[in-house]
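Same chain, two partners: subunit A is paired with subunit B first, then with subunit C.
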Partner chain A sequence: MAKQYDVLFRLLLLGDSGVGKTCLLCRFTDNEFHPSHISTIGVDFKMKTLKIDGIKVRIQIWDTAGQERYQTITKQYYRRAQGIFLVYDITSERSFQHIMKWASDVDEYAPEKIRKILVGNKSDEVDKRQVATEQGIKLANAYGMDFFETSAFTNHNITETFTRLAEQVLAANKKDLDLLRMSGNEEINLAALEEEEGLYERAASDESKGCWC
Partner chain B sequence: MNRLKKKKQNAGVEVNGNGSVTREPDCGRKQKLAEIHQALINDPVDIETLRRAAGSKGGLLTDELRRKVWPKLLNINVYDLPHKPGRDSLMSGGMRASERAVLQEQMIDIILEVLKYTPQLHYYQGYHDVAVTLLLVVGERMTIAMLDTLSNHHLRDFMDPTMDSTKHILNYLIAEVGTIFALSWLITWYGHVLSDFKHTMRLYDFFLASHPLMPIYLAATIVLHREKEVKKTECDMAMVHHLLSRIPQDLPYELLIGQAQDLFDQYPPSLLAKRAALQPRKSLSISTFQAFQLATLHQRPDSILKRLTKAQGSSTSRQASRYSGLEAALPQERGQLWGKGNRMVKMAVWGLSATLGAAVFAVAQTAMDWGPEALLQLF
Partner chain C sequence: RRQEDALGRHILHPRQGYLPANAERRESVLQRKRQEYFGFIQQYYDSRNDEHHQDTYRQIQIDIPRMSPESLVLQPKVTEIHIDIPRTNPLIPLFQQASVQEIFERILFIWAIRHPASGYVQGINDLVTPFFVVYVFEYIEEEVENFDVSSLQEEALRNIEADSFWCMSKLLDGIQDNYTFAQPGIQRKVKALEELVSRIDESVHRHMQQYEVEYLQFAFRWMNNLLMRELPLRCTIRLARQSEPGLSQAIWLPDTRGGEGPSITTEKEKRERHAEPEGFSHFHLYVCAAFLVRWRKEILEERDFQ
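And then the complex of A and B:
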């Protein structure tokens, strides 16, 4: 059986309730759009395999509940991720302002070398726009992140956004990957290897048995 | 988790100390209908028979019976309901363009009304799934009364300012894969994950008649039921989470309900707490349950309630301290909407639940004191 992928990454979608995290994910993995989606409770993920520089990259994209009370649960997933989408809704000034809070949570709970990307969703809703594109660009620059305005509805910039973050994560881990490829591993679960090698400090938590669901 | 043992069932009526219900062998549907009707006109209402009916095969059988029995299970006087909140013209006049808009407004009204009366209650994403299920069966005013009771009892722990209590309750589910896959099952009584409304209603029959932890017992039986699938899946915790959090739509609910009840009888919450080495933690849902169950035993049948409620006026009625101005509302007085096939309506509501969840969340947090006009502009 041909191997299904060369490397596995975990990416995480963060942002306020209702900004369209689940819709972005459904559009990317299933090319579907449900105009009014069911709110996410807790966490869940979808997967897709991309080919980047000849490497089959399987990305596991974790979707999280945006409501604040769920954050005690979702934060447990930060430290296992290699990349994070910080998503706001261009028609909601409030969701944009909250990006700072989300970003500081990521700084606190995620691994240091995690890659981040800023996403302003619902770009099709021109009439309701509250956050100018320039504001997004400015914030992304301040954080040293790439920035995309997307529309899950019109499928604008969706593949581009997900691919870009996957590329960045791949690049950030290139050195480790090359080493491992030379050693001839068939499939590389980057997250698992990092844990084994102790590259990332384990948070002292209740998940000592390696169970992270 | 230990395997379920097939347990012999007693035919008699039995309610144990935890308020759980012992099932009896399936008698004919006709006989069950007759029993339920008889229990409803008994004085006091034969609540134990109603609970048993809600747990046994087919549950409460029809929507009409659910409208009569659900309030009894929660000790609610149908002649003493809160008024429709705010705008009361929602169902009349076709001013509101679509059914969706009507439902959305009703849901928001209902949820805000309940939260307004008990400021300690905090809205959570998923709460609207419970509200919708009730709304589709019993109509707006009864939904407010039922949701109010549920929020102060069965769902109380989920409505703390934080999720700490909820996480603690999930720990009753002894699963090696972590328990977050069952979070939405627990806090929405499976309303969030089931697409067929018929199954949701069947489970609500069961849960309304059971201990607040029963959704956890059902979660355990579902996991056991899917044991083979789980073992076949990749040995990766993420994949197991993925598999478990998707409920197959064709589960044998009657069987699982029976098993959950057996599991509850064999391993009551007190025993489970010891086995799971749970830290003692004050659960309002559990600590107030016994008193709540006892209170349901002294209900008068509707024919007498109607007379009493009118005679006594509002001063002595249960809701009087909270809701002013009472008038009788028969369960049949539902909006014409509900006659159109619940499934369709449920589909429509499902579509709006996310928007609604976000909207209610925002509203509940920031605009509790605004007038209805201001609220309307938000949506």
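And then the complex of A and C:
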């Protein structure tokens, strides 16, 4: 059986309720848009495989409920992620203010080398805009993150945003990857690698697992 | 036997054969509870934009317009296996009506501020739907698709609203810790499901362990929304009907637990249902476990849970 991917990792969508996290994800994975997507309960996920620098990257994207009550559940997923989207809604100043809180939660609960990207969604709603593009740029700079304004509705910057974070995660883990790629053609589960903390295993294969320390 | 319609109104029809006797007493209790509810509205509803309530009201307003069952139908994964269940949902226009959305907003806001330990949590909105729909459909003779809720007489609409509120309150009384900080009720129920499955279907349980599938990952929403998102509404209503006394008791006379509500139930009816104090919770748990057992073949064949 031909291998379906070279590397697997997990990305997490965070941000206030109603900013459009689920819509971003549906646009990216299925190229669909539902204007009023039902609220996410707990955590949901979707998969997509991208090709980056010739590497087949399978990304598992965890979509979270934005309401505060769910954070006990959603925080359990932070430590297993390699990349995080911090999403606000450009028509909601409040959702932008809360990015600071989301970012500090990530600092507290996520692995240190996690990559983050700032996303201002609903860029098509120009008449309702409350957060200027410059504010987004400034905040992203302060945190050392990349920044995109997106619209799940018009499909603006969606692929670009997901691809950029995937590239950054790949780059951040390049050393581990090179080591593993020399080892052959097995699929690599970056997510599992990090959890094993140095005990490198071949992932998701039915064959015996080898240690690559 | 009359054929069930798409909403199961003959499955759960509160006025048919369930509380026939003592109609006078029933009416007076209902009237009193309805007055009490609209008293709450008068007393509290204006505070929805006050500083300490505005977060609650904002969240409700975000969730209501997007709870159209159209998106329930679009839920992936689980619905895909229910090929034997009709996909068409006659309720879509109903939930797009402003008057319906306002009713839900009032019910949820009043419940939330009267239950500050949990407040409004996403998912609670789904729990109003079965009650509301059952009550609305008592008044409907014509085609569901064309039904305009605002064409109902004002009093009927008010009764529907108040009765839905009390039924939902009764249901939530037993499960409020699903929605308090850290959601201990859900954590406990997910553990109970895991423990139950490990006893009744060890191979399914071991399979999930082997592939590192955690119960919380798939069962959280089953517990949080009482399967409302996984099943068509008529099936949810049917399940509710089965779970005596928890829900069917709640469906009428919400404040007479241990009173005349259950006593009217015949012994035969009691035997046919799950007459336990924690009836609804237990029954719900068994249905969740039955899901896994019913699709055990598919689960056991699946190796890629990524």
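Basically, the second predicted complex is superposed on the first by the 195 of 213 C-alpha atoms of A that agree within 3 Å, B and C clash if a C-alpha of one lies under 4 Å from a C-alpha of the other, contacts with A are read in each partner's own complex, and residues count from 1 in each chain.
The working rule: contacts are C-beta pairs under 8 Å (C-beta built on N, C-alpha and C of every residue); 3 or more make two chains touch, one makes a residue touch a chain.
Everything numeric in this text was worked out from a predicted model, so none of it was measured.
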Combined model on subunit A where subunit B meets subunit C, clash or fit: clash
Touching partner for A:R58 - first (subunit B), second (subunit C), both, neither: second
Touched partner set for A:Y70, first subunit B, second subunit C, both or neither: both
First, second, both or neither for A:K174, with subunit B first and subunit C second: neither
Those residues of subunit A which subunit B touches in one complex and subunit C touches in the other: 17-18, 34, 36-39, 41-43, 60, 65, 67, 69-70, 72-73
Residues of subunit B that touch subunit A when the two form their complex: 122, 124-126, 161-164, 167, 176-181, 183-184, 187-188, 192, 237-238, 240-242, 245, 350-355, 357-359, 361
Parts of subunit A lying in touch with subunit C, wherever the complex brings them together: 8, 17-18, 34, 36-39, 41-43, 47, 58, 60, 65, 67, 69-70, 72-73, 76, 204, 206
Residues on subunit C engaged by subunit A in the complex (per definition of touch): 59, 62-63, 65-68, 71-72, 74-75, 118-119, 121-123, 179, 181-183, 216-217, 220-221, 224-225, 229, 303-304, 306
Subunit B-facing residues of subunit A, complex: 17-18, 22, 34-45, 60, 65-67, 69-70, 72-73, 209-213
